[in-house]
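Listed after this line are the structures, all set down as structure tokens.
Next, two complexes with chain A in common: one pairs it with chain B, the other with chain C.
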Partner chain A sequence: MDIIDKVISKLRPKARQGMAGIWLDEHKFVEAAGKVRQSGYTKFDAISPFPLHGIDDAMGIPFSYIPWVTLTFGLTGFSFGTWFTWWASSQDWAINIGGKPMWSLPAFIPIMFECTILLAALSSVGALLWICNLPMIDPPVIDPDLTSHKFGLFVPEDDTGYDAAKLEQLFRQLGAVEVKKAEF
Partner chain B sequence: MADTQRSTLGPLPFTPKAKTISFALMFIGAVGFAISLMTNAERAWHAYLVAYFYFFLLGIGGLFFAAIQHVSKAGWSVNVRRFCESFTAFLPVAALGAIGVALAGHHLYEWMDKAEVAKDPLLAHKAGYLNTPFFIIRLVVFFGGWLLFTKKMVGGSIMQDKNGDPAITVKTLPWAIGFLLFFAISFSLFSVDLLMSLMPHWFSTIFGIYTFAGLFQSTMATMILLILYCMRRGLLNGYVDENHMHDLGKFMFAFTVFWAYIAYSQYMLIWYANLPEETMFYLPRVTGPWTWVSVALLLFKFVVPFLALLSRRAKRNLNFLATIAILILIMQYVDLYWLVYPNLSSEKVIFGLPEITTWCGFAGVFMFTVGRFLSKYSIVPLKDPRIHESLHHHVVY
Partner chain C sequence: MIRRAPLILGSKTYETITKDIVSLVESFPGPSYYMGIAGAQFLLLIFLFAQGMIVWFGMGMMGVNHPVGWGTDIITFVFWIGIGHAGTLISAVLFLFRQKWRTSIARTAEAMTVFAVMTAGLFPILHTGRPWLAYWLLPYPNQRGPLWVNFRSPLVWDVFAVSTYATVSMVFWYIGMVPDLATIRDRAKNKWRKRIYGALSLGWRGTARNWNHYEMVYMLLAGLSTPLVLSVHSIVSFDFAVATLPGWHTTIFPPYFVAGAIFSGFAMVVTLMAIVRELVPVFKDYITIDHMENMNKIIMATGLMVGYAYGSEFFIAWYSGVEYETFIFMNRAFGPYGWSYWIMVTCNVIIPQIFWFKAARRNIPIMFVVSIFVNIGMWFERFVITITSLHRDFLPSSWGMWIPTLYDFGALFGSFGLFFTLFLLYIRLLPAISIAEVKPVLGVGREGDGHGHH
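Up next is the complex of A and B:
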């Protein structure tokens, strides 16, 4: 039980305090995210029930580095597959099959290909989980409706120039229907 | 997308200059083909077959791409659909061109020669399928079907331009599904008839998929070049931008990988089993001077385009995309040439004026038919009910 508790406490995110605003209209919400970004906040987050076109640009999120992870691990898998088939079938345990050369590329391309795909795919998913801090247990909930029809912006306390009163005013100006202190 | 500077849409004018070029190409082709027919009929017909099949693939590829857009009810592709539909304007000419293939007879196909069949028990055994009357019946049935589906699908799309009836989109769907089913069988058999039966002792069950991979790859490359030409002339401002080109580039990339996958699948099984009746296809191609053509295919039809199109930025850089599209179109010719020519000359790689002029001739006809089609109809199907999806198409990744 001790180990399970430890794992769970590791997976339980440390909630940050901050201000949250709730929007009902997605277009106003994307616009608001852009304005919050322009006001100098950089660590804020946006919560939406579905993917929003243009939210990345509005929030100033740079292009993901996952493609580079995929490429690196894909090449690693390819090299490993090449080396392993060579080592296993021509060095460590050479067996003559149908009179073909010990290390026959056509026979081993499937293995090289599968190793490439395996490492590329698993590493991409792994990198995605890493970036998103997943898996996560009992994450703090700002508003349960953020998974159905509401949109939320959250600015943590440690963001540059954090000022709860100013933020509340800004959120209201940008059309938030609700502004509250929250943890996320 | 900026709504402010949208181009006024209309047909793509078929300029006198373009007309002259297409007629000049046809003239070069006709003269070149006639001369080579008189000097070396066998070579002339092989050149004819490669060039014919090359442009036939683009024509039927355009119809196929339009069909999968209808079947998947795709919204993003509406603004570029008219370009692939325009390729089908070549199909009636392709139907006439098939007569040429049938006329070539034993110059191309030894199974059309009764004396050869009588000598060869294997050919006699296959004569139930590989005989001239049935060959012609198949050609008639295939082209009849393809032209009917063209009329229903492309004709419907043009009709919608005029009357704006959204019901046409609904009515086209069953025709598109029917076409895909018909296409799977007819195109596969057509490839077997025209290309695989050049070597009637040999067989490969994956052959139709191999030619299909090239079809998709080259159709995407041609579409990309044609659309870029229109974009450069400012005809598509506000309708097509790098988001659409990115998706077409993804298709071209995907089918570059698909082609390599199929080509390798065919090679690997034959290599592994090492049966004489199967390896007879690869032996002339991996020994002697043809080895270099095979290696060039692997490098420039797969490795280079694959690495070049891997990144997102490459697919959104339109000049770069056009360069790779041109490379793929060149390699598509090499691919078909590689399928056909070792049967004519397994010892020596022959390439010269007969091949170039005949290709130019078909290129001229293709340019003329497609140009005429685009000069008659709007280059964007403006009244398609899904056009809004295409106008606001945005590719995040």
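Up next is the complex of A and C:
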């Protein structure tokens, strides 16, 4: 049972303390995220119930690199499919079927194609889970409405130039309806 | 500027959207739902009984015999696989084309795909007659050599195509649902609901850094699913087209099958959406008449493609000058199974023409009836292809007839029980409309609303 406990403790995220602000309007929220970044914070995060236009630019989030994972594993799948059909049909146990060549490439294209798609798709999803640290067990939630109709900014304590009082003032200025100390 | 019709009706806010969709999971259903699921369960019992008898006593319980070795199992397999294609088309292809109206139907269409593929997958396995040896279809290291599967066989391509399709569709469906499952988790007051949906949501919290990667993966999956869905029915058509049988051995099969699959799939989506709109009245604000009309337009367009393929097949049979080919097509339309050919033509080509009229495209009872006819017609298309080519081929001495038994009917009608049981459970247990995808399109077609300016 040790190993199960180990896995569970690994999946339980370590909560960070910090300041959180809640917004109701998405446009003010995106603007606020930009202003918080301009104030020098780098480790903060923005929580929203759906992906927001312009938040990546406002927060300086780089373009996702997952397509490279997809490409790499897609090519791996393609190579594997090519190699395996060749090896199994013409090397390991070559069987003459209908007088066709042992290495009948056109007939193997469907297999190669499906291997490509399968590995590309599963690796992309795997990469997503890996990057986002999912699955997580009982991650702290700032406000349950953040997955419904509210938008939240969270600045952790270890961010550069963290100052709770200043942050509260900044959040209020930028239109937050609620500001509180929170863990995330 | 031409005003766009709103995609979501009623005066909704983000909060009411959440409530409308999640409340379905949070409350107990009414009597009509229980009646529906009782009916589905009854059909499912018939399926289990029929297939149980077939597995126990053997394939002789069904109508397949010499010369028609492919019967209900193969016809129904192709039928269900075809149904699945519309779901991927809506969720992936319309996503890549930035069709915003897809958002409120995508989740349910995708669920339909998953359940249809699950239902379809059973049939070839049961058709083998010894389903407990189904793993022989996979190239695994075994102690018989190892003896590998024949990679030149379309049946093996099918194993790869259908299992890849099932896997990728399920993953796509599930990943799309993760943010909505987190919404259910965060609203849950009940301890077990919080635990179960908490586990299903994988601990998703919707941070901007996560959304960034999430949207990328969603797009990648859509981009991968698009060629995948086209490949699957092409490969299903190879099961026929690679054989040298007249009526099967034609190059038109892959596009013809794909068009037919989308046609039948959209008909099934319309059938299901009409039912869902009745079962859950609040969904009428999300799945509007405009949505239904769009789908009816696609049904008509793909129906015309299918009709063109029927005509083209006949023309080529005559133009090629191959007497076997000519004979098989004359036999299809005017032979002993001619009735099935004319059912197919009536249901797939003639009846959908009513959608030229806008009033018919926007009338729920009419489209419901038409969609049922299309479903029937598309089952008969596969019947016509499978049975008529097999029952009379080159030598009149080896001709014969295929007569279905009660177990054929049990397997066919029972499969709807499996499909509808899964579907009805899904409607009540999982977010049936994509909450996170619907919210960004709330502003479409609404004037003076800040949400619309993208």
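Assume the second predicted complex is superposed on the first by the 181 of 184 C-alpha atoms of A that agree within 3 Å, B and C clash if a C-alpha of one lies under 4 Å from a C-alpha of the other, contacts with A are read in each partner's own complex, and residues count from 1 in each chain.
One rule holds in what follows: a contact is a pair of C-beta atoms (placed from the backbone, for glycine too) under 8 Å apart; a residue touches a chain by one contact, two chains touch by 3 or more.
A quick note: this is a predicted structure, and the numbers were derived from the prediction, not measured.
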{"item": "Touched chain A residues, chain B compared with chain C", "value": "C"}
{"item": "First (chain B), second (chain C), both or neither touched by A:H53", "value": "both"}
{"item": "Which superposed partner A:A107 touches (first chain B, second chain C, both, neither)", "value": "both"}
{"item": "First, second, both or neither for A:P67, with chain B first and chain C second", "value": "both"}
{"item": "Which superposed partner A:S148 touches (first chain B, second chain C, both, neither)", "value": "second"}
{"item": "A:D5 touches, of chain B and chain C: first, second, both or neither?", "value": "neither"}
{"item": "Shared contact residues on chain A - chain B and chain C", "value": "51, 53, 56, 64, 67, 98, 107, 110"}
{"item": "Residues of chain B defined as touching chain A within the complex", "value": "264, 267-268, 271-272, 274, 310-312, 394, 396-397"}
{"item": "Of chain C, residues touching chain A in the complex", "value": "13-15, 18, 139, 145-148, 150-152, 156-157, 160-161, 164, 167-168, 171-172, 175, 179, 182-183, 185-187, 198-199, 202-217, 220-221, 224-225, 227-228, 231, 235, 238, 435-437, 439-440, 450-451, 454"}
{"item": "Touching residues (chain side chain A, partner chain C) in the complex", "value": "11, 13, 25-27, 33, 45-53, 55-56, 59, 61, 64, 66-67, 70, 84-85, 88-89, 92-93, 95, 97-98, 100, 104, 107-108, 110-111, 113-115, 117-118, 120-122, 124-125, 127-129, 131-132, 134-139, 141, 144-149"}
{"item": "Complex contacts: residues of chain A adjacent to chain B", "value": "51, 53-54, 56, 64, 67, 71, 98, 106-107, 109-110"}
